[in-house]
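Chains: A, B, C, D and E, in written order; residue numbering restarts at 1 for each.
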Amino acid sequence: MLLDVKSLTKRFGGLTAVSNVAFGIERGEIIGIFGPNGSGKTTTLSLIAGILKPTSGVILWKGNDISNLSPFEVAQQGLVKTFQNPQLFPELTVVEHMRIACHLHIKRELGIGRLRTLIGGMPVGLDRLLEQKIDQVLALCRLSSQRNEHAAALSYGGEKMLGVAMGMLCEPELLLLDEPASGLGHDEIANLDAVLRDLKSHGVTLCIIDHKVGFLGRLADRSIALHHGAVIASGKTSDVLADESVVAAYLGKKHA
Amino acid sequence: MTQLVIGQLLNGVIVGTLYGIIALGVTLTFGLTGVVNFALGAFMMLGAYATWYLYDVVGFPYPVAVIGAVVVVSIFGYVSDLALFRFTRGNLVNGLLVSIGMISVFEALVLAAFTTTPKDLTYVLPGALKVAGIVLPKIKVAVAAVFLAVILGTYLALTRTWLGRAAFAYAQNPEAAALMGIRTGRLQTIVVVYSTALAGLGGGLYASMYSIEPTIGSAYVLKAVEAAILAGVGSVLGALGGGIILGISENIGSVFFSSAFRDAYGLVFLILILLVRPGGLFGDRS
Amino acid sequence: EDVVKIGQIEALTGATATYGWMSAQGSKVAVEEINAKGGFKVGDRTYKLELQQVDTRGEPREATVQFRKMMEEKVHFVFGPFLTNVFNAIEPIANQNNGKFLLFAGATSAHAALGKPDHDYLLRTWNWDAGSAGFGKLMVDYLKKLNTRKVAMLFQNDAFGKTAVDIYSALFKDAGIELQVELFEPGTKDFSAVLAKLAAGKPDILFPGYSDAVLYDIVRQSTESGFGNRFFLVRGSIGPALKNKDAIEDYIAYVPKYFEGAEKTEPKVRAFIESYQKQFKREFPYDQAPLCSSSCYDHVYMLVEAMQKAGTVDDVAKIRAALMSMTYEGMWRIKYDKTGEAVFGFDVVHVRKGGAIERVPYDPTKE
Amino acid sequence: MKYAISVGLLLALAVPAFVHSDSMLAIAIYGFMAASLAVSFNLIFGFTGQLSMFHAASFGVSAYVVTILVTTFGWNFWLAIVPALAIVVILSLIVGTICFRFKLKEFYFAVVTLAFSEVLRLITLNWNSVTNGSLGITIVDTPKIWTPSGTFAIAGGVAWYYVTLALLVVVYAVCSRVLKSWIGRCLAAIRLNDQLGETLGIDVFKYKLLGFAIGSGLAGLVGAFYGFYAGFVEPHFLSISLGLDIIAMVLLGGVNSLIGPVVGALVLTALPHVIELSAELRIALYGSILIFVILVMPKGIVGLLTSRNHAA
Amino acid sequence: MLDVSNLSVSYGKQKVIREVSFKLEKGEVVTLIGPNAAGKSTTLRTLAGLKKADRGTIHLAGKDITESSTVDRVRAGLVLVPEGRQIFTKLSVHENLIIGAYHRADRDHASDDQERIFSMFPRLRERRDQKAGSMSGGEQQMLAIGRGLMSRPALMLLDEPTLGLAPIIIEELGRIVRNLAREGLTILLAEQNAMMALGCTDRAYVLQSGRIVTSGNAKELSETTEVKQMYLSA
């Protein structure tokens, strides 16, 4: 088990946003999270990513409890989350965003040897490698043409894709995506689907929230559904989507 | 000893209301325009000089002189908003430096007109109240009462009126506020002018308690900024509370320790409070 | 036409500007007067004065640059600085230029530098608290006569305040008077807390310093809140006493000259005040350190007289010798003692409840 | 840009051959030291986005420590720099840790660092036995330099001119290397969106602290030299007005570059000596320039010049 | 109600909207559909006065508002519910709604309308006093729509209102939109989610790279194979 979440609970004042949630993620799978608005999906991922601290419960990453780590420590362990509301570095261009996202790669590659780059500059080989990688990811995410534009000039969909691209550059073992497809058009969703499948084939584990049931239903091997902060269904995605309580609380009508 | 402490506690409250009235201006302008108007100290100084001029030189009754001073200072405030602050909205550092530049200009003006010679107003309300061995000058009590009334009035106006609601909304998201039909530019101008008027009032009443010089503003605006931060920016009653806390800590600190460290007592308090509540005492934690 | 340059290096703006600003005005009045009369003759040549006034803002660093510039421009006579920290900063540069110019300094710390090697340039225009001809000792004696046992000193925490506390601590100790000291931050306006604290120590008299700006506040707050009504001071004017005349008990001040009185009896004082009013088109600030403007005024004239006596405008050694040997009769009678410290008379003014003024003149130049 | 900087540096090296005025050199020397302060400040302010009001304190504390070690304890000047820098860095780490742990940002950060700075100033002002209080300490020693051809004292305008120019080059080089490295990117991420930076694996706290400590340490380095040229140290070294002057220099020159603060510092240092006006007019002029610069040239002198170039 | 003709908008040198013209009748629900970066948001922002048009005119109820400020447009009854919600994060849900009524003459009686909004989105009632910034993405979207309705607009522009909403709520939203139109409100939607959009609208315009490429009756449009292929299969 790559990630094991046990009886995770998060309270905000009197409101229990996540209540006793437990699930596990195996290496290499894609897991989907469904649930009505305000059911605690984002909160759950934020807890895993260290952005929020759980009220109780444990989060085991490869067997170690990570529930008290800061977001950057979690990211360094190989768990990276994207944001539901696109987050950017204002003023910077798309490619500059990507260079910042290479932080973890450089850190892994050079370690303490980074100090040497203060005098000698970055090793040429590494620099070239990173630029290649950036171009590759930008192409995959269809952002190449906007490479040198200010990120603030992207359309909403573009901003979301930039988030995914940055997440990919962190080279996570587990990538947590919060509604990557919302705001994307059909074409872009198809592309996203391909990108994510490709990631999976390269051994990256994915945990995805989305309300685009068609998209995520096709993509996810397994799913869980939350309602009022609690897991109401889990298992094979098609089974979860067919679950009566899920239909009643979330889908409204049976999904094709 | 208890008399000494209680006396200074009360004096701290009184001094604190003066910090509070300027702090209120700081808090409102910062909250709404994103600018820390350091020049509020200079506006206060202008208010003090205008009051002195109207009262001692022209010979108006004191209340009329103060009202006149408030009007004069508001006009200065309006003009400086039109000419300067309008262009620095939302930019903390630029606004800060523009206001510092204005301090220089105002000080130079007053210096040229009235020289460095301190002015001491003819006493408006001499004498003191004596209660249980504690002596409080009448004028200080009266001034503190006016400040309290003005701050509470502002609080009521902001929490109970649409203008106040619009102000809070604007402070958070200017574009969305425009989409709600809030006339943002006008609102900001109102706030800038109102806070300068508060500073003018502060200066006008200040002049009845202390002697005035062209440099009086700078010390007070620093205190006011500390008070606003201590309280949490955006909180009206907090500005008052922050001012009073500063006033008390300075006075009581000076009694028990060396008065040479007077300014440090408030600062240490400020640091401690922000460590416990990073958003300020009355602000929200974020 | 020939000119003699006079420099003046003072704080003209900023929180410490009060004295420097007034000094600058006094020399300006003198220079304009002299030039208006067509200058002055030394030998068979006529010279006019050129006054270069710079504003140090009270910042030592600024002063060092400005002072260097004056030295480069071969200014032979420099008035100022009044501020102790500024004097300390320019002293090393002045030492390097020893023999090339004269400095008419006012700073208290200049007292200690008088007569040291490399300090031939130094003259001190105001006999302040310290020194044999200083008034500090006389003032303390005056207090002693009033049976004072304990004094509370309340001074601004700056270079001068610290110097004053050092000087007076020693003087009070010698006189067997107990001393309580509190320092306040520059810019303080509310003295309530510190006054209350001092009052708790039950001093006989309060010794506040040192400019009118704080005196008005201290005297008012102290009397209004009942912290004390007896004052003793060595700077500032009697304005605060007169304003609170019914609230004070005693108010004893060193005043180089009681201008309100002198104006009526001394024509030279009258003339100076008129000239000042004409020059600056404003009221004469009686309660604003008139000693600074008037003494600078006198010293400019004294310097001119010395140049005429010495028969040169640029041999500073000769001019210094002339200054040291002469007695100038202006608003004051001024002499220099052998170290280069100016000696001139002053008044002790004692204001009593109700505003009665008693004036005790001292004239050390007579001894 | 690189080209312009090199030419500027060469010109600067040649200046003492032509300018013999001691006061002109003094202006240049103070200009270089102000520029070093401004450059190091901009590392914290312009590039990390932290409006530190602690810079004057770092500068002043170091000046005092070096002075006291040399004048009271007879240390060698160069040796004294080491503990002075250590103390400054430790102080900045303490202040930084407190501010950043509690996530103080923007204005709150500015006011809290100001508070620390003021407390340090008041301690300096009132710790009479060690700092000589408001009178400050007069320095008569001159630092010495060892060269193969013998030791000589750093005294006089020309020697100090080159020493302070070298100081500026060192400070500039350190900041430039730091900004070009991975640290620079982390600092940018922190300035622009620290929450996003954190999820990308950047230890926001550590890098904020690092930027703050490097900038403050460099200010300390300037402080060490400053007192020895000026000939004194005094509590005003730690004053708010110095902090504000530095900000003004940075904004005048332009925040977005390293060279901007240098230009701003040189201009603002020289200006009052170039234009001679009556005192009242001078402060009014200073204020007006400040306002003018910010309203009309929001990107500063350098920003203005470079954007012209781009347009052309 | 709304008459847009030959509208062109650009960011710097980049032309984003080119010569776009369309019309809305009173009580009509019309959709702008189109892929990412087609210029939908830009169009709506220009209509709301947040972005200046290069060329073209905008008429609202016969009056030329091309040069009017955002506030004047709001007062004339044109309200935009912006993309990415832009709620007032530090105000409570209740306060956010109330501020929506700011420009109304009868704003002191706005609480009745608030009840209506609560019955449309019961979740908001549950969260009445929560700080809006701490609400979930979908809840914020509901709030943004509710706040827009509080101003009793004559014409409401909705920029991707389905963003982040659960399917069940999207369906509900469709019903709400139709009801509002029946009450006389005119609505312009910008949407990626063509399924929902076409389901509840009368007419639609398809925007691509800043140009209107097709338009027509919503039902008919959703039958065309092109649109079907492009937008409906997600």
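Simple rule for what comes next: a contact is a pair of C-beta atoms (placed from the backbone, for glycine too) under 8 Å apart; a residue touches a chain by one contact, two chains touch by 3 or more.
Just so we're on the same page, UniProt names per chain: A, E = ABC transporter ATP-binding protein; B = Branched-chain amino acid transport system permease protein; D = Branched-chain amino acid ABC transporter permease.
These numbers come from a predicted model, not from an experiment.
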- Min route length, chain touch network, subunit A to subunit C, equals 2
- When every step has to jump to a touching chain, what is the lowest number of steps that links subunit A to subunit B? 2
- Query: Chains in contact with subunit B and with subunit E: which ones?
  - Reply: none
- More contacts between chains, A-E or C-D: A-E
- Measuring between mean CA coordinates, which chain is farthest from subunit D? E
- Message: For subunit B versus subunit C, what separation do you get between their C-alpha means, in angstrom?
- Response: 36
- Task: Measure off the straight-line distance from the CA centroid of subunit B to the CA centroid of subunit D, and report it in whole Å.
- Result: 32
- Task: Express in whole angstrom the distance between the two chain centres, defined as the mean CA positions of subunit C and subunit E.
- Result: 76
- Compute the distance, rounded to whole Å, between the mean C-alpha positions of subunit A and subunit D. 43
- Got the subunit E residues that touch at least 2 other chains? none
- For subunit D, write out the residues touching at least two other chains, lowest number first. 125-126, 279-280, 283
- Would you give the residues of subunit C that are in contact with at least 2 other chains, written as numbers and ranges? 13, 21, 157, 183
- In contact, pair by pair, are chains A-D, A-E, B-C, B-D, B-E, C-D
- Residues of subunit B touching subunit E in their complex? 162, 165-166, 168-169, 172-173, 175-176, 178-184, 284
- Enumerate the contact residues on subunit B facing subunit C in the complex. 1, 4, 7-8, 11-12, 15, 107-108, 111, 115-118, 120, 123, 126-128, 135-137, 210-211, 213, 215-216, 218-219, 250-252, 254-255, 258-260, 262-263
- Item | Residues on subunit A engaged by subunit E in the complex (per definition of touch) | 12, 15, 35-39, 41-43, 84-86, 153-158, 179, 181-189, 211-215, 249-253, 255
- Message: Can you tell me which positions in subunit A touch subunit D when the two form their complex?
- Response: 49, 51, 70-73, 75-76, 80-83, 87-92, 96, 99-101, 103-104, 106-107, 114, 117-119, 121-122, 166, 170
- Within the complex, subunit B is touched by subunit E residues 48, 50, 70-71, 74-75, 79-80, 82, 86-91, 95, 98-100, 102-103, 107, 147, 151
